[in-house]
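Here chain A shows up in two complexes: once beside chain B, once beside chain C.
This part shows the complex of A and B:
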């Protein structure tokens, strides 16, 4: 029985143009016809690459007003800003897939930054540091305990990664084993570790880091910057982990339905804990990149970055209610956020204006995301 | 007058004095017709039993009547006047009350708040809610249907059956003239079902017309004055219930003669004990449960809702904890509270609640089927999945169980019918090749054809040497499939029947015995 070629019945009060038919259009139309544009908009809106399109559009629209945007140095800056944010946002993605959230990533970054710097710093000014609790034991005028050692920098980096993962593990155990709400647990650990990061160096930046450390943020292997290698490496690794391994499949399952997952024999608590460990690890790795680039251990590192980390994920479609998230999405979100921050800086606006604009843009993007979800629901 | 299966075109006449009429109603989704020229007449003061397999169009027809969907063709008459609802509100205003299959209660609110959620009684003209009046009126409504619960009780503290009755009381309070029940008994105990039937009969004598939709054909036969059978969106037959005994309903529903509901019995128990449970106890839930399941044996576990049968299965599998007792699989003791170990040792558990405990609803069929056996497809250490092999295995299982879908890899489980969803749950466990299968109400809410398939799968599994513990509240199922039936009542095993001693009455009596004597 064909309903498409059905002649309009006299009793059919809705007429032939009712419903979704209007979108398709009956008459042959010019390419710019309303219907076609709407369809194109809809396709773009529903695409996985939506946020990427949005970024390009943003650049094109802003380009004429902001020629510096396309200056070589600025583009290079922007690209180099992508990698550390990408690394930490990927870590957050794992936790978001479990329907959790890790608010403590920023203070994880600050604390590991301080610890890494304390270990390898080559000289400290007693005027600044003599009051800090580490003075005389770990810190002296001649720097930290690993200063000048042959393998000092690798050991320091490894220590940072271990401590970052450990913080993640503590969060994970509290959430997965003790069934405490992720929001509460990571809010508290954010406060706690942020305070520790400030307490250790008495809120002083730790400068005079050795060249071998700084290279990690500024150097390159051949023509390829090291942060790029790290960022792309983490992204590829995370992508494979999510899409090709037992852990990845189970992570999505746990985020989608923890009860059904447990009954299906998935070690739910272990999987969730591992997601938080990965978030901590990624935060520490991002901290290495940031600290090296800034050439300092910074107790307030990444203080205001949380909105970028979660925002980049959510804007690109990672769901806060779990079960949904891809590394490519996170990457698109990060590109969008870096672009946004860069353009606002170029406009030379005061910081509060930047935050206001940023807030509005994020709100707009979140709104578009809702529209997108709704459009997707209708088209199915 | 002949109202046989072959009578394709029911008359399009407008009947005098009908409570409600569908006249040539049609509806298509995406060009696929789901209702074709449906004409039905509902008489005042009578019960129309509406039956059909899942996907036959029952729900669509009721949604058209309830104003949720608009028909593409045909018209409807309400007491002779044209009826074309623009939304559910219109249907309600027209006196049509709808008890949905899915409960629409707010579990975090009280019974009274749920009853009056649409218009709270207020103190005069203030916005303050008149709690006393609300409680009083709720109590009235509840007592009408013989439900003794406090109006202040939170819905989340009620049993599924009580929730269903609250929902009924809520619709009843609107005093509809036409009442639609969609699978109202799935979560009711036998006693509550009796209560519901009394209510329906009382409504009928008051002149209310009732449409009763159910997969439990025995209930339809018991209640209905008229029966209508839908198949593929068409009315295959309609007429007096007396002319439509259960076997006739079934053959009309499936479009062929099923020799019986059940496949021939193929399993035969052997000596070897696969599962042995000794003295399993958890205060307030089960007490001193001893049972064994042999190789190739299907053990039926029969009990009423709330008897502790589901809880028992959950304890055996390790989802819930128990205080005393042991579970042995083969020779080894199974540690309590660890489903993962149970699965590794060859146990499987098809839960009663497939939406919440069985499936990842938004995930594809293939990914759901692969979930339990996933570790078998992963390389050691890296955990890298052999995806091609996994895909082949899941698709093969899906085909074996005849899961109907357009794409196993792409289509999410939530888009499947209930019967096919249940097959996905079963497939998920079969892929792990279990030696002991616990199944809890595997045929709840699925159609006759899918039921037959599920019975066949379970029988075949037992024939191949697995042991099955089959929990059900449908006794016929167990009488047909099981080698042995155990009866559980208030957390205790109160009877055991070998296949040679199977008799419906005796098993029923065991299940009800204590329940009737001890007052609560």
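This part shows the complex of A and C:
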């Protein structure tokens, strides 16, 4: 039997170098051989770029059936949908690395959306707003306190970021200092801040935002959309924070083993609190982008987006058990999630089918993460 | 070498996929109308959705439907996606009036005719074909009949209103219509009306109605901004012995608005005094007529507001007018 095309296998009597060119003078196994393909598959599966490869493959497979997927406008729309989700998902990433979770990001976004809009709105209809608690103080027929001011929008955005961070700080202190379960703390804060967001404007949306605010979600600097600049800026900053700073190293340590981290002198409570502050900050920043693209402050903003925020992280391999997660993974997860939603919409599937598919994909991703972890452990 | 060839093949596939000539369009491409709606939670929206989708299909249009499950950002993204599919027209039932404006601007930019059904844009910054019920007048008609029944009692009554989501202009109009009648008969009431928020959510309505009735057990004049809340109202009033037919001592004078099957049955059975009726089928006809005419005439940004003046179906005119109400027609399978 010729040994030309049979590569060496464990226990092969020909010895470990059987099939090697150098020793037996035969050509190497073809690239499409089973062993090579399995090795390629294993490499891809274990690769950090697995979700990115999956996204490209997905586009390649669907492309011939969905030509409109590659339409310029569709690609532009898809890309524009990435940035706000990326910003808020990055915030969630920090918390997930600590083995925590932040359910309040959505209500954080809603409350900061309302607050920002109240500050800069240029006109308010008394019929709609006269019964709200802010009427006569922060809100009048002529709008909010910063309406028409040169620095009104920057101050409003800064206020949103500060309040978002403060909400994160409250969550962080409760989880880190008082050792309350993260799920419970952030669930309660989600309910509380969601109710406050609705109470302040009496559930009214706040329109008539100034152009300078709206442009943050829809405008561009030269050819570069502002949301892209914000999203990429946050991603780069977060990546550097996690990979190049002491905070980042400590964050992973706390997520991997909080007890050992504390014993080794890491200020665990402070690190966890800071993670929640970052989650709150990112939620508020995402709220700026969403509110601007919707051209209004909305007390119900992002109400149903939590699954997207966590799902994008989980798909990409960020572990819910903590200690594992990268900003690049989150970015890949968001790209895949947005791509998935876009293609399912283009396929004109019923909305419940889309939600079912999304749920199955997230479940599959979580399962795959377990398999990858095992495969990685075996290969060591 | 083989690896390089493989890489070239993969790159070629990718380039091919990106530059693949699109299949030539069929000579007689079906015109496509995108229909984006916020949810199908109530009979009104279910019936409205069905009426619009079926009418468009019967007229030979392809219909692409999108349900955003009340998520404003999702509806925005869905419509953006629909506009890139070069649909010929868009009809939406928006999450709220403000979003209708934001989405309308996108449709205007894309030069695609834009229609809004029943939930009007909060302002006219975007050009749109809008069909809207005159909620204020319809609510006032229903509540006026209720007030006539209250007068017959020869005493003052304690009024309450279940208010919808005030982000929805429909809810605002209905509330205004209710208050028009409150102001019309100032001597009929024991005090200011009790407002019960519902945010168009049955659970929220249930909890708040329970609290209101606990705090104000004398409520005997109740208007709901939407008929879909009648099961909630029954579940609160019945255990208190207040779910009684008209003419009974414990009867709470009851009114609503929409005109669904539930309301039809309740008026027929004597529990409900009146309901304001939106002429749903006529509204669906109006919007589909307007959008299809615009598409056929290649109008890019048509603008027209069409009112449905509606009417109040009451116990007094039930026999004569019940088949004018869409809910009764559905109830009788017509």
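Everything that follows uses one rule, which is that the second predicted complex is superposed on the first by the 347 of 380 C-alpha atoms of A that agree within 3 Å, B and C clash if a C-alpha of one lies under 4 Å from a C-alpha of the other, contacts with A are read in each partner's own complex, and residues count from 1 in each chain.
Convention: a residue touches a chain if its C-beta (ideal position, glycine included) is under 8 Å from a C-beta of that chain, and two chains touch if they have at least 3 such contacts.
This one's a predicted model, so the numbers in the text were calculated from it and none came from an experiment.
Trainee: Chain A residues in contact: does chain B have more, or chain C?
Mentor: The larger set of chain A residues in touch belongs to C.
Trainee: Just to be sure I read the superposition right, which of the two partners does A:267 touch: chain B = first, chain C = second, or both, or neither?
Mentor: Touch status of A:267: first partner only.
Trainee: Touching A:300 in the superposition: chain B (first), chain C (second), both, neither?
Mentor: second
Trainee: May I ask you to decide whether A:74 touches chain B, chain C, both, or neither, giving the answer as first, second, both or neither?
Mentor: second
Trainee: Output check: A:323 vs chain B and chain C. Expected answer is one of first, second, both, neither. What do you get?
Mentor: A:323: touches chain B, not chain C.
Trainee: So in the superposed three-chain picture, is A:223 touching just chain B, just chain C, both, or none of them (first/second/both/neither)?
Mentor: neither
Trainee: For chain A, which residues lie in the overlap of the chain B contacts and the chain C contacts?
Mentor: none
Trainee: Mind pulling up the chain B residues that touch chain A in the complex?
Mentor: Residues 28, 31, 33, 36, 72-73, 75, 317, 319, 339-340, 342-344, 349, 351, 356-363, 367, 370-372, 374-375, 378, 382-385, 387, 428.
Trainee: With touch defined as at the start, can you tell me which chain A residues reach chain C in the complex?
Mentor: 30-31, 56, 59-60, 63-64, 67-68, 70-71, 73-74, 77, 81, 127-128, 198, 202-205, 207, 290, 293-296, 298, 300-305, 341-342, 345-346, 348, 350-351
Trainee: Chain B touches which residues of chain A in the complex?
Mentor: Residues 1-4, 9, 11-12, 244-247, 249-250, 252-253, 256-257, 259-267, 323 of chain A touch chain B in their complex.
Trainee: Can you tell me which positions in chain C touch chain A when the two form their complex?
Mentor: Residue positions touching the partner: 2-3, 6, 13-14, 17-18, 20, 22-23, 64-74, 76-78, 80-81, 83-85, 96, 98-99, 101-102, 122-123, 165-167, 172, 197, 199.
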